[in-house]
Amino acid sequence: MKALVYQGTGKKAVEDRPIPEIAAPGDAIVKIAKTTICGTDLHILKGDVSTCEPGRVLGHEGVGVVTKVGSAVTAFQPGDRVLISCISACGKCEYCRKGMYSHCTTGGWILGNRIDGTQAEYVRVPHADTSLYKIPAGADEEALVMLSDILPTGFECGVLNGKIEPGSTVAIVGAGPVGLASLLTAQFYSPAELIMIDVDDNRLAMARQFGATATINSSDGKAAESVKKMTGDRGVDTAVEAVGVPATFLLCEDIVAPGGTIANVGVHGVKVDLHLERLWSHNITITTRLVDTVTTPMLLKTVQSRKIDPKRLITHRFTLDRILDAYDTFGKAATTHALKVLIEA
Amino acid sequence: MKALVYQGTGKKAVEDRPIPEIAAPGDAIVKIAKTTICGTDLHILKGDVSTCEPGRVLGHEGVGVVTKVGSAVTAFQPGDRVLISCISACGKCEYCRKGMYSHCTTGGWILGNRIDGTQAEYVRVPHADTSLYKIPAGADEEALVMLSDILPTGFECGVLNGKIEPGSTVAIVGAGPVGLASLLTAQFYSPAELIMIDVDDNRLAMARQFGATATINSSDGKAAESVKKMTGDRGVDTAVEAVGVPATFLLCEDIVAPGGTIANVGVHGVKVDLHLERLWSHNITITTRLVDTVTTPMLLKTVQSRKIDPKRLITHRFTLDRILDAYDTFGKAATTHALKVLIEA
Amino acid sequence: MKALVYQGTGKKAVEDRPIPEIAAPGDAIVKIAKTTICGTDLHILKGDVSTCEPGRVLGHEGVGVVTKVGSAVTAFQPGDRVLISCISACGKCEYCRKGMYSHCTTGGWILGNRIDGTQAEYVRVPHADTSLYKIPAGADEEALVMLSDILPTGFECGVLNGKIEPGSTVAIVGAGPVGLASLLTAQFYSPAELIMIDVDDNRLAMARQFGATATINSSDGKAAESVKKMTGDRGVDTAVEAVGVPATFLLCEDIVAPGGTIANVGVHGVKVDLHLERLWSHNITITTRLVDTVTTPMLLKTVQSRKIDPKRLITHRFTLDRILDAYDTFGKAATTHALKVLIEA
Amino acid sequence: MKALVYQGTGKKAVEDRPIPEIAAPGDAIVKIAKTTICGTDLHILKGDVSTCEPGRVLGHEGVGVVTKVGSAVTAFQPGDRVLISCISACGKCEYCRKGMYSHCTTGGWILGNRIDGTQAEYVRVPHADTSLYKIPAGADEEALVMLSDILPTGFECGVLNGKIEPGSTVAIVGAGPVGLASLLTAQFYSPAELIMIDVDDNRLAMARQFGATATINSSDGKAAESVKKMTGDRGVDTAVEAVGVPATFLLCEDIVAPGGTIANVGVHGVKVDLHLERLWSHNITITTRLVDTVTTPMLLKTVQSRKIDPKRLITHRFTLDRILDAYDTFGKAATTHALKVLIEA
């Protein structure tokens, strides 16, 4: 089968690989129908993710059809159309029982990282019973590819951790795909203000289409002042950090109101300054989270009942044999205006 | 009347002052029976608290008897024995309605800071109806002085924010009075492990008497290793920071388990490093809080029903005319082993 | 001034009454601009509300202008345009501090019940600081009349108590004004299914316009079967009881799924059967609540940011001198199709 | 092997049965070390539990040693000492993912009900990975038998659902084994008042030893009055119903304070009257629950750290060959004063 393989820092290629086989009783083999590329895949290619070794098939998102199941799999059988979660969960360990699948002792984010992933014609999915989700009849499978990772990430790490509620004031720093996923899912809770902050006017325009009530281009370094002006000098109830650098985290510290929450979504490479000399008395909450995908059933229902259309995040489409072009388009988002690129296997 | 007055950085004296008068319809005048000294008073004397100007009567803790009430006061009358909260709350503003009294727009921590305080024979208490609490018949008033500030601080900022629950593993960094108040009130929730960390063996011995299940002297810089060893390399569910310096906050970052909480209680003078390059994926929560004293009614019930004996925090007793000695004893806690010093007016 | 006065069972009249005066330091006098009639006013007229004595000016909803304030009022001054809450809250008592304003020891539902109400040119509002809300500039005052009672009732008693969340399945039994208020505010949380059940096809048609995803006319006694069919035999996550008779409560018992909630909004005159022989093992929650209006600030923000348009509940408009006609229209809702009737003073 | 077998209404006998075998990949076979008898077993013998057919080996509690595991079992191996949960949970279905194991679509309460149970030398445990718990080294296995059912039942259905918190006022109606389990575990949260109500003075005396702060013998029909007197006419924050008949549920309705909770633990055979004509406006919550045993890991930690000693519930000890005597003793609790009878296999 064809597969996109990480070959070491800066290198990737489409290789021919054997179709994966069942390796444990809980495994399923899924024939990929559609997959996509995540910002994390770009991190791997830069050599930033030490757990991912050369030779690995990348990819942790996708939908497809089950072709084989191990002897312990009871919830799925060959022929089932399924959504693949980016997080593999055993459902048994202490963390899984708490709904913290991201820290599953034998799972977590392993697809396209510690084991071969979904940017291929087939993928082996461990802990299939608790890591795959049946696709409802009539569902739009393109939309559901967004539920493998980006939607639950924006929702769990940004919206739920950020405790967004009716009438509240929210700022999302970073209008990339994950920030926009937070923007879409924030609207489940009817906040009064949804301020989107980025340095790219194109993305901010997109954000307004996606429901932002205001946008701020932070290039001039005055975003905090603008937010204070918009909120009667009070700041926001929830600041979602969806970039992952010190400057954007600092901006969140500057705009969070007393009693508010900073929900970190961004993947950080270096430490940040936490200004406790100011914030110690502000009754704030800061949260971090690797997506657990524990809300996938809930999100499936919101997509099925059309409360949200995650397909809007898809800007480009490719076939699997053109996946290198897809990477190119996704990697140059500033010029291609790519959000999510869909790849059909 | 006699009053302890802040006279500018490093200077304080007992002065003769006029008895305060009702200044607003919501005020009450309270004749102080007992008061105490807080670590914050020492901060003021060092010149660290810019809101407190020379000439201010210090003190924000105490019990006493109401002598006069303003025309709008309905819950109290002269003769009522009362507990004075360190936080004045109007009960009307947006923050008070959310139970965030610390940020009351016309109150908050004002006693002994922005207005004259309780280290005197009399004090004027604004917003009396929502800032005083009736002392139940037969209550031990010495114990209740601990409910003005230190008990709710340890409980709200450390225990409640730290989400301590039955069977959980807790570390409290800092065995000073506030850390010990967290230790006492943590036991309301029956955690399995209560590890106390400090550099002072005397305080650690005290902590064991107060219910710590283990203690660590962190002088050798190996406290994180010790905690990891005690917890099967997992870390603690809750780390309470009760010191307020970068090193102790960093220790909390090092020992908090995935899914855990760092509850900051300490008053910080400088920023700290937040290692998001490591913690972004650990699903942790960090909280800050200035005490709201919103749990005072709950704490009164726990004291009345003997679930806790806060009087154990009192190590020394003085009369008001010897308050300078009391400050001396409290300021040299390392040698006097003072926790809280009680002052009778 | 003109006022609608309850004259004993079945009797009411427009009388000439003196303009009310400040009676306590916390009072405000409000000149009514707009008011409305509540189902509870009809209950009073039937003689069902023993706390309301003949001679009482009815009405507990409205917006207006403050004309006088007592000496203890600090948040309002003459000239302020205000929303009057149906619940008077002192903000000081044990219940108010918990946000349970409905049980305020010196307030609660007293307007138009224990003291004269808002169906008049002027009304005296006790505890003004915590029972009135400033009307934002540019707000639609007709819409805000719905925030005195019906919106917070539908929201607090039905939606919040019912724990409605994204993707959940909800049935609301009773499509009268309060049921429709629950329907409108339920959408703050993006449930997947919002099934409206009533015996009146006109109201069900209205419900579909207001966002119901399905409607069931329960006249045939088969509503429970229909709900089971719609939900794959599972039942609903939340059943909102918005009628107040045994049959509708029983329907809620029949349709609530294991793990679900019955949120009672209806005012009941007789006991109901609770089938614990079946439900004891179903992990359900049943809640009751007299509206606290503690969410009024939140609801104001949702109206101001156009997340909801409560004005849609207004079907008829009258002037105060025609209030008897208004009562007539409201009382014959089955034929007039009245939901809320607006009265301009 | 020897096994206690239900032979139809009113009939039971010790029979010789074949040792059970692995029937599904997720099964484990456990050699029973200790088991006990539950009130539910008596219900079965009365013919009240239609799902339990004659020929069934009874019992759903116990500790033992794993002797065999199916091919899909990864968390246990032969030789492991284990606690058997009374609830079998697949860990995969919609209910299990929500922590509502009691409603597992292929599990729930099946042991000693739909499949053979633990009152035997061996038992087959389905879904072993998520239905067994490793016994920590050095643990007291007698104490742990109480964690199969009675402790989590008292804790989850009574204490957690009852939202007991520091300083709160609690009444537990019914001082049988489950009510006493609620009493023991309620103390995890340091309530101020723990009032125990029963008609048996012996059990009330036991309750005082177990931590009740007050007891009421309700034989005279004046328990509600007594509770009102004890609580300043306010009622209790939490009323735990641990009997399961209309009169005791009604008592809970009579004593619950506004804003309070009735947590039903009792197994009811007939409907009860719910006085909504009074309670509709009292802001109360009523919960029902079949134990989920989702707190077993937490409870294990509290036992290991000696926050609770569940062994105190054991009043009598028998060997498996004398299990008929054990049933006799347990069935005549009024005269034998039996709480839990321990059976060694």
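As written, the chains take the letters A, B, C and D, and residue 1 is the first residue of each chain.
Keep in mind that, in the parts below, a contact is a pair of C-beta atoms (placed from the backbone, for glycine too) under 8 Å apart; a residue touches a chain by one contact, two chains touch by 3 or more.
The model shown is predicted, which means the values in this text are computed figures rather than measured ones.
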Identified repeat of the A-D interface (over half of residue pairs identical), from B-C, B-D or C-D: B-C
Selected pair, greater C-beta contact count between B-C and A-B: A-B
Gap in Å, rounded to a whole number, between the CA centres of chain B and chain A: 41
Whole-Å gap between the CA centroids of chain B and chain C: 42
Residue numbers of chain A (touch at least two other chains): 297
Interface residues, chain C side, partner chain D - complex: 95, 98, 100, 102-103, 244, 249, 258-259, 264, 266-277, 279-290, 292
Footprint of chain A on chain D - complex, ascending: 25-26, 71-72, 74-75, 90-92, 94, 96-97, 99, 129-130, 294, 297
Residue ranges of chain B in contact with chain D within the complex: 165-168, 187-190, 192-193, 213, 297-302, 304-305, 307-308
